[in-house]
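Presented below are the structures under discussion, each in the form of structure tokens.
After this come two complexes, each holding chain A, first together with chain B and then together with chain C.
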Partner chain A sequence: MAPSVCLQEMIRVIRSARTQGEERGVIQRECAAIRAQFRQADSGGRSHNLAKLLYVHMLGYPAHFGQMECVRMIASPRYSEKRIGYLGAMMLLDEKQDASLLITNSIKNDLSHSSQYIQSLALCTLACMGSAEMCRDLAPEIERLLKASNSYIKKKAALCAVHIVRKIPELGELFTPSAHSLLSDKNHGVLHGAVVLITELCERNPGNLDEFRKAVPELVQIMKGLVTSGYSPEHNVAGISDPFLQVRVLRLLRILGRNNDEASDAMNDLLAQVATNTDSSKTAGSAVLYETVLTIMDIKSESGLRVLAVNILGRFLLNNDRNIRYISMTSLQKIVQTDHTAVQRHRGTIVDCLKDQDASVKRRALELSLALVSAANIRSMMKELLRFLSTCPPELRSHATSGIFNAAERYAPSQRWHIDTILHVLITAGGDVRDETVPNLIQLISVASELHCYTVHKLYRALISDISQQSLVQVACWCIGEYGDLLLKGDCDEIEPMQVTEDDVLDVLETILQSHMSSPTSRGFALTAIMKLSTRITNNIDRIRSVVSIYGSCIDVELQQRAVEYNALFKKYDHMRYLIMSSHTIMGFNSVTCLCVFSAPNVTVYEKGGVNLKLQCDNQTETAITVTFTASNSTQSDITSFTLQAAVPKSVQLQMKAPSGDVIPAQGRGTVTQTILLNNPNKASLKMRVRLSYTSQGTLCQDMVQIDSFPSPAWN
Partner chain B sequence: MIKAILIFNNHGKPRLIRFYQYFAEDMQQQIIRETFHLVSKRDDNVCNFLEGGSLIGGSDYKLIYRHYATLYFVFCVDSSESELGILDLIQVSVIIVNVCFHVQVFVETLDKCFENVCELDLIFHMDKVHYILQEVVMGGMVLETNMNEIVAQVELQNRMEKSEGGLSAAPARAVSAVKNMNLPEIPRNINIGDINIKVPSLSPF
Partner chain C sequence: MMRFLLLFSRQGKIRLQKWFLPLGEREKKKIIRDMTTMVLARKPRTCNFLHWKDLKIVYKRYASLYFCCGLEEEDNELLALEVLHRYVELLDKYFGNVCELDIIFNFEKAYFILDEFLMGGEVQETSKQSIAKSIEASDMLQETMEEYMSKPAF
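Now for the complex of A and B:
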């Protein structure tokens, strides 16, 4: 292939490659040729080569070696070379690269070039990738172009100014006077640019609002001109005169009229006019109408106008066009906080949209529905939301479950209803419930004491038909462990009776332990539940003992640890087993059950994410105790910045010794220990809350553990 | 602000990629793949708005797209843009691109391969399409929406380039057609996939 083949020829060759490998080969050869060409001082087809490079860059191949060539081309006097050079700079460079500094001078020169097309190349590039230094350097030049040039350049200079203001907000002052005067230009492109610039200036610096509020009459005039003008083929889109400009002006009016009576008054009539006269049968008109509605709702408009606006949104909610339904819901979302009652009137239609085929419409409907839930409508809304959950697209499910739980918690009319709702969600969508909500759900269930029997029965029945949904499994295991006696009794007021034997229960828990579908956390819950049942059943203690001892050599380190400790409970501390496994077991703040401390020499009080924290108590006197925490790490990478903080009741004095370090080596190769001296002169009941903070695999983790009983009998 | 303009075909092959915010190359390709994945799952009768892309910018960003036979035109925007406005803008841009390559349009209007020709324009003249788009969107902001204005400016710039000495290797057919180009003779009806538009006034949408 000849080195200076044109772009089209290269593309033809690439497209005729039959495999990915062949394509790669072709491109590598081409790039090598291009690279060689770049190195030559002078070659005829320079712009071809850069164009080819940009093409292969689009396909995903590396093109960084073309950066300097862009710089050279930009400096060329030829328009064709400048053009591709600037395009290359915008595609391949960004302000972080050194090469971009080198083009500052070219841009500066080209900004004052005699040809407007070369000026426009420089403006475009500056607006795309101008660094803060470039912007500072060239801002006065841009300001000059705003005033002294033709419309083609003015509109580009205006957008360039927007970029400059974004990079260096203080430079906004420089553009404020010119921005205002641009509003009297007749060219729509210039007007558009001016409105965007003024919008940016107002949003960056609220101090500018007063200045630009003086422009409200002018903006109103511009809008009137657009709305009442006759048919103008120049700007006409589906019967609307320059809808793009109208939308921009309406947005600016919104910003200026917000929280300001005078400005709002000045635009009131105009908004009423646009709202009533705009033909919204096509997209263009709808865009204008929506912008108008949002502006009306956001400024201090008359109540009659507000009613009109919400009605327009309501009408659009019923439109056949899905785009319009989607947009109307987006708009309603924006006003649901401030105009809640008005939006509530459309609740029925919104809830219907939950059944729409379109996932985007469903998403909007879900957001709005959750925002519209109130104490008055909680029962009917929850029916709809639960129905939605069964047909919900996968990407929305975890958001939906979280939203449902929040709504249920805020407005539950009764405990029974609340528990039923939780159960329903766990059973239909337990796989999508976020892990962090499990402890909260357990908390809610444990508080509803009259419903324990009902809850454990329902969860058990759900569990025997499906153990794949992890959140359901975890909550169910916890309940079975905690309320196993109620389950085994067999009868329950609210449900059909069902005979459940100890073997049945242990069967299902063991199935969970062994299933490849169960997450490590779920396994932990299942093992703990089995252990707790040892105090609630009579006939199968041996079975439990054997399960626990089997898992003492389990590959999963956390499970093994847990099993070993439970084993110890059976062997050395059988007398403590009832105490610990009774109904007062404390939950940590994460999904791992936290054990009470008991008088084994070294007890695990926390296990999650590969971090294991053990507690050892010694040196006990009547009032003093030394507590040592040992932290280990079973993950593949070191844990860093590990810190422990502890809090105790007021009457207890606490002295933290220096920790042995803050890095816990990976794979159990080392530990960090932290000793705490406690002095309990009043012999108060000792509790401790420990907060852990560490970085694991780049993520900051924080967690809390509550330790509710310490071994000294004098204090319990 | 418009964060990116992505044009790719029904198989996800990129035809034009323009990012208005810096992303490293591999990130760009990942965004293209993710966007194609999201957009290609959509039926033809659902709305043109998509949320939920995670790579390009989180919750404030939406994908607004149009599907024309073999091509997807996707604009990734934040909440400062009017969604319906952008939808119209995509339509306007497509028409402008077609008009600027109007020779092929004119010649092939009755030809069944019409839609493929549209894609071929993009494939073989990626740089030209960039220059055209630069007259519509600049620095991530909408610059100009007047179709006649844009087409005229593009034409003048192309003439300037040609007058320097024919470096831009356009196919011969296009070169001679450009010489013959005369705006009033642009056909009144253009079919693009399933939409039917008149030039230069854009009705019905």
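Now for the complex of A and C:
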């Protein structure tokens, strides 16, 4: 075989260029020479020239001026020129180029050439870059070649037909009759081509399925022959006879057996045989087993066979070969919903794969583990998932945290466990928690009222060691703002006591406000928390006031607005400050427990610790309403210093009348009433926040009620 | 079907590119960039499969060359490893202990061999001997013609 010297010389020169610029210079010179020689139509070196151009093209340089040369070379009678011409066509021409149409005629001629190697070139090129037009034109030729001719051409014609069917599915009916008869050929190349063609015909046109289901017995025979045959040197790969053909036959059987009992029955025994007898110590055998498992799970197989298939996947999980472990998990993922119990049996191994070195395997293991979490295994699974989270690769972390939160929310065995899990995730991976989950987490924490003290202590401790994780910062700030009083009291049953002063808390919140690591959202949370603390602390109101006023001129517009509003609360509306900043406050992102008042005219809106508050509404006019609160006391001793305060939306005007008194007699012997006049000129949706304050048995009590709707038809 | 087959060096230089689907030049360049970046970033002892857009990517390193192919959802990845391996065996048989330089200096032969093994993104022939015989016969045909052409007229 004579090497193309000129080509290799050029390659050598290009490779010896020391810089990109030098290489470009060489390429330019060579291309100029090639162009000149194309124009000359010199007989000897034409194929070398085109080959040189193709090399230049592969380096990434433009080579479109060679397109016409390809067309000319393909039309040449010389094999060497045709060969490189067709290669050029496959590399430089595609269906989008006009020049590609010009070779259609050459291809047509070459398809009937006396030399099978020239026929082969034409077939290969058509299958590689044939446009729809070319395919339509040449389809009858291909069909003819499928029937006549030798195996060498038949197998190529079959794959060419596949390409044609992909381009123009309707032409499939041209090939359907011949495709079936190809299955009786003994040549493996032809068989393989036939199976691929039938697969394509069935996928493109489900109408063909009935016709080709008749071939199932034949296909089963072919497989049996491959599986039980002795050693065949020509087709043997690591002890498996022609794994390429076996896999394609199995894939076709899958398509034919899907949703069809009869076909599935006919292949049942074969699949069991292949599943049991195939040696999976090397990749070839594993490839066949893998395809077998996919087929078993997709057709209507007996339950025994399905169990066998899942067990094969389970075995794959323990294989030393990482690829096989990965494949096993992708397959298990596909069937985890339909065959949940079977997959659960392998949960232990799957969880072990979380520790695999390979990131792809880890990803698959995470997906599967999350799918396998159930009420029965939540505690042990969560341990594993949290352990995984600490060593989790960065690209998987946000997916892992979301998955953990979902699982926790669905199956939490107790509130304390749930809160602990949330805290653990925030502390370990708070930076990767998605922003949208923060409001949800806050909601969950606020609902678990017995754990407020515990939660705020733990979050505070996490915060003082690390303020870089934004989700953690946001949730912690909210909790500190909301439950700051619990934090400052210092004691909590579940954890070691820690003395936290007001200054400590304000220090942390101010640090977050000033830190460049804090996102705008986090700073908003911190500022709000500082503001809320103004109602829960006693010694540092001035400090808070000054922080808030500083941020009134902050560059961040949102923060500035917030600070200005808070400033106003300090100055003009100090009497409202307690109301708005007390428990269960909405400031745009918290959640609130509300009470909706329905049709009854006199309804209880609050009942706690023996104190009962009723509400009655009377409309004077469409825009004026009188609200009367009646408070009663069922405890053993009198309630003293009872006061009510109310806040309403901005457009509504409020006038508090003098209360009837501030002592509620014990044991329901008397009441206190308070009337409030409301003027709602804009007929806005009426809401009211009421704050109660009283002393009962020597203890000062404060609480808040939100009333969202009033029993008045005028406002509905 | 296989959508593409790429061979590239450890420095990301492409040594062979076979596209089984029509794509624009820009798209091809982008795919090559993405494949080389992704595959070269893989640590040793990780599995040979990746996900990229809607394709399964299978790659294997042989000496200084990476063999990388893009598969569709239904294709068998483990079999693809066997396909890549078979191609390497064919090259090895042809060139005798093949190395990257062989493929650089005889790239057109690498394509010819590939075109006897795969067609339209599918395996064309499953017998190594059969492919080797066809290549031999084609080369003979080429030589004979060249000999004939370089002979003087009389």
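Keep in mind that, in the parts below, the second predicted complex is superposed on the first by the 360 of 716 C-alpha atoms of A that agree within 3 Å, B and C clash if a C-alpha of one lies under 4 Å from a C-alpha of the other, contacts with A are read in each partner's own complex, and residues count from 1 in each chain.
Throughout what follows, a residue touches a chain if its C-beta (ideal position, glycine included) is under 8 Å from a C-beta of that chain, and two chains touch if they have at least 3 such contacts.
Note that the structure is predicted; figures quoted are calculated from it, not measured.
Novice: Given the alignment on chain A, is it a clash or a fit between chain B and chain C?
Specialist: These partners clash in the superposed model.
Novice: Using the superposition on chain A described above, determine whether A:G239 touches chain B (first), chain C (second), both, or neither.
Specialist: The answer is first: A:G239 touches chain B but not chain C.
Novice: Per the contact definition in the header, classify A:L87: touching chain B only (first), chain C only (second), both, or neither.
Specialist: A:L87 sits against chain B and chain C alike.
Novice: Touching A:N323 in the superposition: chain B (first), chain C (second), both, neither?
Specialist: A:N323: touches chain B and chain C.
Novice: Given the touch rule stated above, what does A:I103 touch, chain B (first), chain C (second), both, or neither?
Specialist: Neither partner.
Novice: Let me test your reading of the model: by the given contact rule, A:C6 touches which partner, first (chain B), second (chain C), both or neither?
Specialist: first
Novice: Answer with first, second, both or neither: which of chain B and chain C does A:E395 touch in the superposed model?
Specialist: First partner only.
Novice: Intersection of chain A residues contacting chain B with those contacting chain C?
Specialist: On chain A, the residues that contact chain B in one structure and chain C in the other are 7-8, 11, 15, 51, 54-55, 58, 60, 78-80, 83-84, 87, 94-96, 115, 117, 123-124, 127-129, 152, 155-156, 159-160, 162-163, 188-189, 192-193, 196, 234-235, 237, 242-245, 247, 251, 283-284, 286-287, 290-291, 322-323, 325-327, 357-361.
Novice: Touching residues of chain A toward chain B in the complex: what are they?
Specialist: For chain A paired with chain B, touching residues are 6-8, 11, 15, 45, 47-48, 51, 54-55, 57-60, 62-63, 78-80, 83-84, 87, 91, 94-96, 115, 117, 123-124, 127-129, 152, 155-156, 159-160, 162-163, 188-189, 192-193, 196, 233-239, 242-245, 247, 251, 282-284, 286-287, 290-291, 322-323, 325-327, 330, 357-361, 363, 395.
Novice: Under the stated contact criterion, what part of chain B meets chain A in this complex?
Specialist: Contact set of chain B toward chain A: 14, 16-18, 20, 22, 25, 28-29, 42-43, 45-52, 82-85, 87-89, 92, 123-124, 126-127, 130-131, 134, 138-146, 148-149, 153, 156-157, 160-161, 164, 167-169, 171, 200-205.
Novice: Given the complex with chain A, which residues does chain C contribute to the contact?
Specialist: Chain C residues touching chain A: 14-17, 20, 22-24, 29, 45-51, 74, 76-79, 81-83, 86, 104-108, 111-112, 115, 119-120, 122-130, 134, 137-139, 141-143, 145-146, 149-150.
Novice: Quick check on the complex: what are the chain A residues that touch chain C?
Specialist: Residues 1-4, 7-8, 11-12, 15, 43-44, 51, 54-55, 58, 60, 78-80, 83-84, 87, 94-96, 115, 117, 120, 123-124, 127-129, 152, 155-156, 159-160, 162-163, 166, 188-189, 192-193, 196, 234-235, 237, 242-245, 247, 251, 283-284, 286-287, 290-291, 322-327, 357-361.
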